[in-house]
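Look for chain A in each of the two complexes below; its partner is chain B in the first and chain C in the second.
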Partner chain A sequence: MDVIIEILKELHPDVDYETNTSLVDDRIIDSFDIISIVAEIDDRLDVQIPAEEIIPDNFNSAAALAALVKKLEDED
Partner chain B sequence: MQQKNVLEYIEKTVLEVPDKTAYESFEGETVSLTFRQVYDTARSVGSFLADNGYYGEPVIIFMKRTPRAIATFFGTVYGGCSYVPIDEEMPKMRIDLILSSMNPRLIICESSTKELADGFDFNGDTVLFEDICSTPANDERLADIRSRQIDTDPIYVVYTSGSTGVPKGIAACHRSVIDYIEHLSDVLGFDRDTRFGNQSPFYFDACLKELYPTIKFGAYTAIVPKQLFMFPLKLVEFLNDKEINTVCWVVSALTMISALGAFKKDTPHFLRTVAFGSEVFPIKQFNRWRQALPDARFINLYGPTEATGMSCYYEVNREFEDGDAIPIGRPFDNTDILLLDEDRKVPAGEVGEICIRGTALTLGYYNDPVRTAEVFVQNPLNTHYPELIYRTGDLARYNEYGELVFVSRKDYQIKHMGHRIELGEIEANVNTLDEIYLSCAVYNKQKDRIVLYYTGTIEEGALKDVLTDKVPRYMLPAVFTKLEDMPLTPNGKVDRKKLLEMAN
Partner chain C sequence: MLFVSYEFIAFTILLFVLYYLLPKKCQWPLLLIASYVFYWIANPYYLIFIGTTTISAFAAGVLMDKAQGRADLAIKAAKEDGSYTSDLKKALKAKAKSSKWKILLVSMLFNLGILAVTKYTNFVITNINKFLEDGAALKAVDLIIPMGISFYTFQTVGYLIDTYRGTVKAERNPFKLALFVSFFPQLVQGPISRYGDLSKTLYGEHKFTEKTFTYGLVRILWGYFKKVVIADRIITAVTALIGDTETYTGAYVFIAMFFYAFELYCDFTGGIDITIGIAQCLGITVTENFNLPYFSKNIKEYWNRWHITMGSWFTDYIFYPLSVDKNMLRLSKWSREHLGKFWGKRLTVYLSAFIVWLATGVWHGAAWNFIVWGLMNFAVIMISQELDPLYLRFHKKFKVKDKAGYGVFEIIRTIFLMSLIRMFDCYRDVPMTFRMVGTMFTRFRLSTFTDGSLLQLGLGSSDYIVLAAGLLIILSVSIYKYRSKKDIRDRLYDTPWIWYGAMSFLLIITLLFGAYGHGYDATQFIYNQF
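Take a look at the complex of A and B:
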């Protein structure tokens, strides 16, 4: 979770990622950010997010992203 | 008789397929307009403008990315005006700069954008689309305007990045847009069955590729919701659901789909023409597209906004490997490309600046004769009569196949995420802050990101916040680095080369 928040903070430092659950819906993150997030998670956590998981629900909050990463790690 | 007015397209098409859907958008509510509705709405807007004394004026259009905005664009042309699209995603300061450099008399907005429009630094009139879209058509007045229009009258002004910090407004006329549409349609094979997927924002000249061929052929354009460009499989699903067979997208929109692995699950199988441009297509990603759509045509388009966004094209007809550059090909009909070194033509195979001549040239920069005169210059190879060429600042050479290949920029302009960006504009905006001593923006091509180096008293996060309000998202550097000392060259200039090494 800490790494996820670190990645997100680098993109938008002022957002409270502990509480925000509408990063996509409120257009806080955009397509530039999604590509960065997917690349950074691959770089730092060695987790590849497949296309079918790149959906709004998985990117709306830091917790959702962390859950996705955990699920993908468990599957691996 | 040769066509001289873009409105002739819609007037012909509305007689042939009045009830066919022309444009459709899906962001929030679905907005769908038939050709008849586009035509009627445009004539109502035109009549409002004509009846209220706006003839000949540039009109700012501040509306959502829906077919209503498109009908309003055509409406301004009916009213003898030119349209200037701006967008709610542009920072307010940039919009204020555009307004102050243009000094327009009218903004057309809609109820959903009115609150933002009221905050602009603007003293002219603001009207709501909802209040003018049903104005009774004033046939007599519209016919009178029409009889006075000539093909060098402006249709629109679009704004692009300017190195002084002030964006440049490029004014295009009927003649250049008609030239563009006719030749582009031939090359890309548009017809009535064409179903476009629009990606560009309306303030970007690339959106001409869908707006005008749609009314020329009675084709269909789906305005793809912006949010889908974040989610590759949903985007592919959308393209398939709408049976989109033609796209003209910036490379980054295409690579988003291929790089994020969408093709492992699904392909946009209706696509038969994939045109792209504005950036260099990474070959690895390009080959994924070709493998996914082996029967589709892939066409690289090149052209600066100053030449109506169209100059050259290349239809991919051979294999490319990592490290290769996809050529920009050869000029469209009625366009000539000169490769010049200052005032002389470069020898075959050597690198020269792309200089364009032909009717696709726009009218120049709005309210800016000085900058216009710097780049729209007399053709140095023609000493017999006045003839303008546009000096692009892009360097190219001919390859062994006789195709043009883009090499690099002459200056500090870059292409990033499909947008043309003057790094100097980023610096000019940063340098307005009292807390900044020196700044320099460099572009790391390998990682496709802008890095800003600066010296001063402001912290990196705070600087990013300030700059976010001043420049569009695509111009915002990915990395802000505060330095103790700015590296300088022996003659005291910022050492860009050193900074670029640091960024790499």
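Take a look at the complex of A and C:
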């Protein structure tokens, strides 16, 4: 979770990622940000997020993203 | 059969009557018949194309589902007989994925191949001929381009990818899938619906309710008003301005730019209003394709509000898969290590965006002007992305971000920029577009607006009054939605006399001020050609 918040903070430092649950819906992060997040997660956590998992629900909050990463790690 | 024709209106009314009179289980089969009749009237040969696409997508969907089903069964069986291991599960899933991928690839290439051959053969021939001697020149081929092929092919490919990903189950009834591919209101110009969304209401049994039906009716009338009163009126001036590039330079190009922006908006959103309105009358929910695009404060926001279903199609099915592809991630890693932080973060994102905008340009048409149009969008988005930190600093320092005046400035700036890029679509000739836009800065005469020149473009002063009043009505409704985030119909519906009064008003002004008769022709929608 810490690494994910760190990645998100690098993109938009002013956002409170502990509480925000509508990052995509409120357009705080856009498609370019999402690709940067996917690349950083691949780089730092060695977890590959497939295209079919790139849906708003998985990127709307740091917690949802952490849950996705955990799910993908468990599947691996 | 044009949307703007008595035949189409009669066709739709007859459909509404039958739809609610026949037993409810006949509703979706009736829609399938109506859709095929609609397509058959346009050209019987079109049915071969749409039929082929449907059959191939049906077969591919079922085969992919079966491949997945086999893997799921094998995993279940292994769990029951105690031979289950996580490695076995992984192996079975990988095998299913590989089979599904092969089926997806073949079906996608087949359908996109049909699109490519019908739409792009002559573009390729023309460009090859530029390099050949006159005697060796290839002859253009006479090919049928089925109406709405780009729309239904993309919709079908979306269905195939969703089935591959497992986000939807394959449709097991070929006739239901045929309806999804051919649903007539959206055949002409979209929206590009997703199977997961449209199928929720497309095959259901719908009871007639006054509210849903009249909501749909108002939406249809709103669409006709925009199309017939505004777009089909202003097109006269746009055609004149674009048609004579010798006379209409300088300020005329500026006028053409905004007239075309107004025309395209009313034409495309009007057409989509008719589509969504017809669907709503039938109790079917079609995804919105616009969300006040001319209220966008930057180009990225504009593309989130204009032709939404096309933008999201390219994002979900091309941009994301391309960006998270193994090779792309490897390139991303390499660029971080070798090119530094700046390029490391940007290279793959920009590369994917470049490919997506190139594809968006090509999707719009087989011509260089569309390709340049796509790449201009790419360039502007990239530049504004890079300038973003600068904007943020500016906004922080001058605290203008929340001021209404600055918001209006941002909106006007975006409209101007998007209209400027759209000039490639207007003149349909890349060097000509650059030349004409250039004259806007070198030969601009302010007197063009006041010396009566505007009355020489095929529109009289009464036409300008109608256009101004139309703009005012559209603007008022849009500002209401922008501010309240509500559908104006929700407010009007509560008071019956206002509701039916608004409906009658729309009907009357469309009938009275529609651009028909005295030399006008009802025209096909601009997006129909894509």
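Observations, loosely collected:
Going forward, the second predicted complex is superposed on the first by the 76 of 76 C-alpha atoms of A that agree within 3 Å, B and C clash if a C-alpha of one lies under 4 Å from a C-alpha of the other, contacts with A are read in each partner's own complex, and residues count from 1 in each chain.
The working rule: a contact is a pair of C-beta atoms (placed from the backbone, for glycine too) under 8 Å apart; a residue touches a chain by one contact, two chains touch by 3 or more.
All of these numbers come straight from a predicted model, not from anything done at the bench.
Looking at the shared chain after the overlay, A:42 reaches chain C, while chain B stays out of its contact range.
After overlaying the two complexes on the shared chain, residue contacts for A:13 are found with chain B alone; chain C is out of touch.
When the two structures are aligned on the shared chain, A:65 is found in touch with neither chain B nor chain C. Once chain A of one complex is fitted onto chain A of the other, the partner contacts of A:31 extend to both chain B and chain C. Looking at the shared chain after the overlay, A:56 reaches chain B, while chain C stays out of its contact range.
Within the superposed three-chain model, A:4 lies out of touch with both chain B and chain C [touch as defined at top].
Comparing the two complexes, residues 27, 30-32, 34-36, 38, 49-52, 54 of chain A contact chain B in one case and chain C in the other. Those residues of chain B lying in contact with chain A across their complex are 226-227, 229-234, 256, 259-262, 264-265, 417, 461, 464-465, 473-474, 478. Chain contact summary for the complex, chain C toward chain A: residues 165-167, 300-301, 304, 315-316, 319-321, 323-324, 326, 329, 332-333, 336, 345, 348-349, 352-353, 385. By the touch criterion stated above, chain A contacts chain C in their complex at residues 27, 30-32, 34-36, 38-39, 42-43, 48-52, 54. Every residue of chain A that touches chain B in the complex is listed here, in rising order: 13-14, 24, 27, 29-32, 34-36, 38, 49-52, 54-56, 59.
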